[in-house]
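Look at the two complexes coming up: chain A is in both, with chain B in one and chain C in the other.
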Partner chain A sequence: MNEWCFWGYMMLLAGSGVWLTVNLVAGWMQQRRRPRQQLLLQRSAGELVQGLLEESPRPLSVEHTVHAQQLLAELVASVHASLYGCAPAPLTRKLEQRGVDRWLVWQVKRSRGLKRAWALKLWGDLPPMPRVEPACEEWLLDPSPEVRLSALLVRLSAYPQDALRLVASCDKPMTLCEVSEVLHLLRRRLLPIAYQPLLESRNRNLQRLGLLIVHEFSIEEADEGLLRLIASTEDAELSLAALYTLCALHRPLRGKAIRQCIERLTAAERGVLMRHMAREGYAPAQVKRLWSERQRVRYEALVETYKTTLVWS
Partner chain B sequence: MARVLIYSADRLLTELVRVALQGLGAEIRSAENYERFEQLAARMVFDLVLVVGVAPFWSGRELFRRVRPRPLHKPEIYVLAWHQADETVLGLLESGVDQYMTFPLNLARLRGKVITALER
Partner chain C sequence: MVLIWLLLWLMAVAVLYGWRKREEARQRRRWLDRMHGARNGTFGLGLSLLVADGVDEERLVRLLGVEYDHLEVVAVVDGGCEALLIERLMARYHLIQVNWHPSEEFAVRGVRGLYRSRKRRFRRLVVLDCRAEQPAARLDAAADVASYDYLMPLVGGREPLKGAVERLVTELALRPLDSVDQICLLPTFTTLVWRRTALVRVGGFSCRPLSVVAAPHRILLWESPLSRGGRRKVRMRWSVVGAVAVLLVARSLQVGQWYPLVVGLATLGWLALVWLRLRQLDGELQPL
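Here is the complex of A and B:
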């Protein structure tokens, strides 16, 4: 029995050693390859753009290397993100010719967690590839939020016209960061978005997107919608986000709805809001009705700190 | 012959811009770090400097002073970057940048602007 244990232990040790060596060698080789790959990517970027400008696709240096699909995907993603006004069809054709679409699906299927999210993110950065587009649907329900978001971005970049329906169909509430990613993508696709229906929608994710649009584009006419959201008591987090958006627009902070929203906040949340208001430049007289006597003194002190002077100098 | 200098740490973007400016009949040089940029700026006078990418808290004042000493109005300096914040753009314009363009770029538009700058 002891002998068996000994040999088992030795086998395990040898296996670990082999695994470690293989990983070390692979890492070392990858490190050695990287400068050459960078050079190839640079040359290929030139060739790719030249082909796009002359409308005659040409073979790229990067196509004949180890990991050609990954390098080609990274190259096309960078070029696609950096340029506009070039038709995406030649890029899609190039990707499909080299089998990058199938390679990406395979990558997503075989990996897990962040690696899968990375592959999906890369996929989302590429021009639409209709041949494999439906395959990403199953990852919209992945337990990992990073994977879910990346899959959503792939769908959005393929069907930007269905963006709102796709965002609304997300069953989990999206974070500010996730909504920002969606907005970034929509901006990149130059999609005109009406903020009003979003603010009026019953879907939280769409409301969040509407708030972000109002904030990003400084839409001062959105007062009414914002006040309606502030007044609603269904979702405290959303009302607070609406209040912050209103502050960012430097609109007057008057009304019962705003006062009630502030009353609902905890002391810590109120402190953060105060600092935000001071940073946005609200004079104590403008907001005195929102605070109690003690809070008013605190706000005045906040406005007079050197930090506020720094922000406004 | 007109001279254009592309200053960028990102080789890929440098290449994109270089290809876009091909065939203008201008001598195009590129610098991927500040040392190389200083060397080139000391050795020759450029008609246009394209700075690709900016970093947070970078006003570029030092770099622009190096390439365009006080009394000179040449070269023109264009910055191409991802930043869209007003503070960044205004800061750069106040430091002496002539044009600020954000990514994604339209290469035809960039080419047109460079042609106009070189003609000036």
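Here is the complex of A and C:
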């Protein structure tokens, strides 16, 4: 028994020790290379942008280093995120010349879990690469939620015209992070983002996307759509999100729908909303009809903490 | 003997589990860093950094340098001892003294004044002149005047690391809205971020709860988003390791068995490898 325990324990230590040593050595080598790679990335960013402006591709410093494909992919992703209205073809050509597209597919297929999610996310941040088909069906059904989100973004990146259809077909409610990534992608592709059909849609995810668009672009004309959502009792969370969006736009908070929505909230939620309104700068007189007497006193005290008392002598 | 083997196995499995979780946390960090929502300010989720001690100008400059849009720094200063500091901060950040009214949510005493930065200037700084001696009471006073829903207490000189605020906010945005009350660090269960309503429910920082929030409303992290602050780095006591090794050799020679020596030395060497790798992972995180 002693011998079995001894040998079993030693095998465990030996196996994990080898694994640890490999990770340690890889980490140490990465640490040594990092300063030089950062320098090369900075230089290459300038070279890439210069090549795009002059419309003549030039070799980049980062192409002749270790992990060149990964560095090139990260560089192109960051430059692509900073460009607006620029044709992605030159960037795509650069990636295809170095085989980054095939490298990415290989990375996604050979890795699991968060490594796969990272590789997919990087793929989604790059300009479209026609040579590789984003066959994401198996990754869209991956048990890891991070992989599923990243795979959805790859799909949206490749077929932005299908973005709204894909968002509507998601069976679970999308989180704020997911919706904001979709919004980021839509902005990058310069698709017309019409908020009205989204707010009027019956699909919750599309309504969430519509709210985020209204908030992001401060669309003050969206009052009617927001009030309609606030009045709806089907989804309390969505109604509250619409109310917060209205506050963020500093629109007047009048009407039965808003009062009824506030009455449906718990005391804690009302406290949070009060704090939000005070921060957004709503005067007590503007919102006095929304609160009871006690709440009005509390709101006035909150607003006072943003003001100074002028003393005239 | 069986008990000793059981303890050794349990120790090894626990350490391996912790290490694997730490590696996963590193992969998650790399994935979160590729998210755009926090950098674009799309989330709208606000975070208040509560600085209860060690307030000085350099530290505030670093904290206010965090690029996340919906961030606020609430600094608690004892005006009785540091009146000059408050004056310097008022001059530097154009603070105005505003009215202070205690809310019913936290038991706060000893507040002499509240100063906020003006709109369209450095809106993100709030300075509270408070006489409280205990750090928990100072944190309660800071939480009382904080504007945002999520509160991050910073004690002992600790500061968020580079990119940590954006990652924390992205973690919150990856869950349904208002479903997260607490973000904790494993394995110590230290609370990193509180949701305001949950903090009010447990009675504030003075209550010192261990982990009073139900599991579904809690996010657990294996990688700390905060710097070490004033704490000393944990150093491997190589002298202790050497002493234990010598003891093992002596004991083995005494009893005439090589088992304890081999097991002991192998375990020490393996623990040293784990410690080195964890230190290497910590080295990847940059301060502000």
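Rule of thumb we're sticking to: the second predicted complex is superposed on the first by the 283 of 313 C-alpha atoms of A that agree within 3 Å, B and C clash if a C-alpha of one lies under 4 Å from a C-alpha of the other, contacts with A are read in each partner's own complex, and residues count from 1 in each chain.
We take it that a contact is a pair of C-beta atoms (placed from the backbone, for glycine too) under 8 Å apart; a residue touches a chain by one contact, two chains touch by 3 or more.
Keep in mind the model is a prediction, meaning the values are calculated, not measured.
A.B. asks: Pick one for A:Gly27: touches chain B only (first), chain C only (second), both, or neither.
C.D. replies: second
A.B. asks: Contacts for A:Ala285 in the overlay, against chain B (first) and chain C (second): which applies, first, second, both or neither?
C.D. replies: neither
A.B. asks: With both structures fitted on chain A, tell me whether chain B or chain C touches more of chain A's residues.
C.D. replies: C
A.B. asks: Scan A:Tyr84 for contacts with chain B and chain C and give back first, second, both or neither.
C.D. replies: It touches chain B, and chain C stays clear.
A.B. asks: Chain A residues touched by both chain B and chain C?
C.D. replies: Touching chain B in the first complex and chain C in the second, residues 81 of chain A appear in both lists.
A.B. asks: Any idea which chain A residues touch chain C in the complex?
C.D. replies: 1-2, 5-6, 9-10, 12-13, 16-17, 20-21, 23-24, 27-28, 31, 81, 113-115, 117-118, 121-122, 125, 146, 150, 173, 175-178, 180-181, 183-184, 212, 215-216, 237, 241, 244, 248, 268, 271-272, 275, 279, 281, 298, 301-302, 304-309
A.B. asks: Spell out the part of chain A that touches chain B in their complex, as residue ranges.
C.D. replies: 38-39, 41-43, 45-46, 49-50, 53, 75, 78-79, 81-86, 188
A.B. asks: Within their complex, state which residues of chain C touch chain A.
C.D. replies: For chain C paired with chain A, touching residues are 1-2, 5, 8-9, 12, 16, 19, 23-24, 27-28, 30-31, 34-37, 40, 42-45, 96-101, 103-105, 114, 116, 119, 145, 147, 149, 170, 173-178, 196-197, 200, 259, 262-263, 266-267, 269-270, 273-274, 276-277, 280-281, 283.
A.B. asks: Inside the complex, what are the residues of chain B that reach chain A?
C.D. replies: Result: residues 11-16, 18-20, 22, 103-109 of chain B touch chain A.
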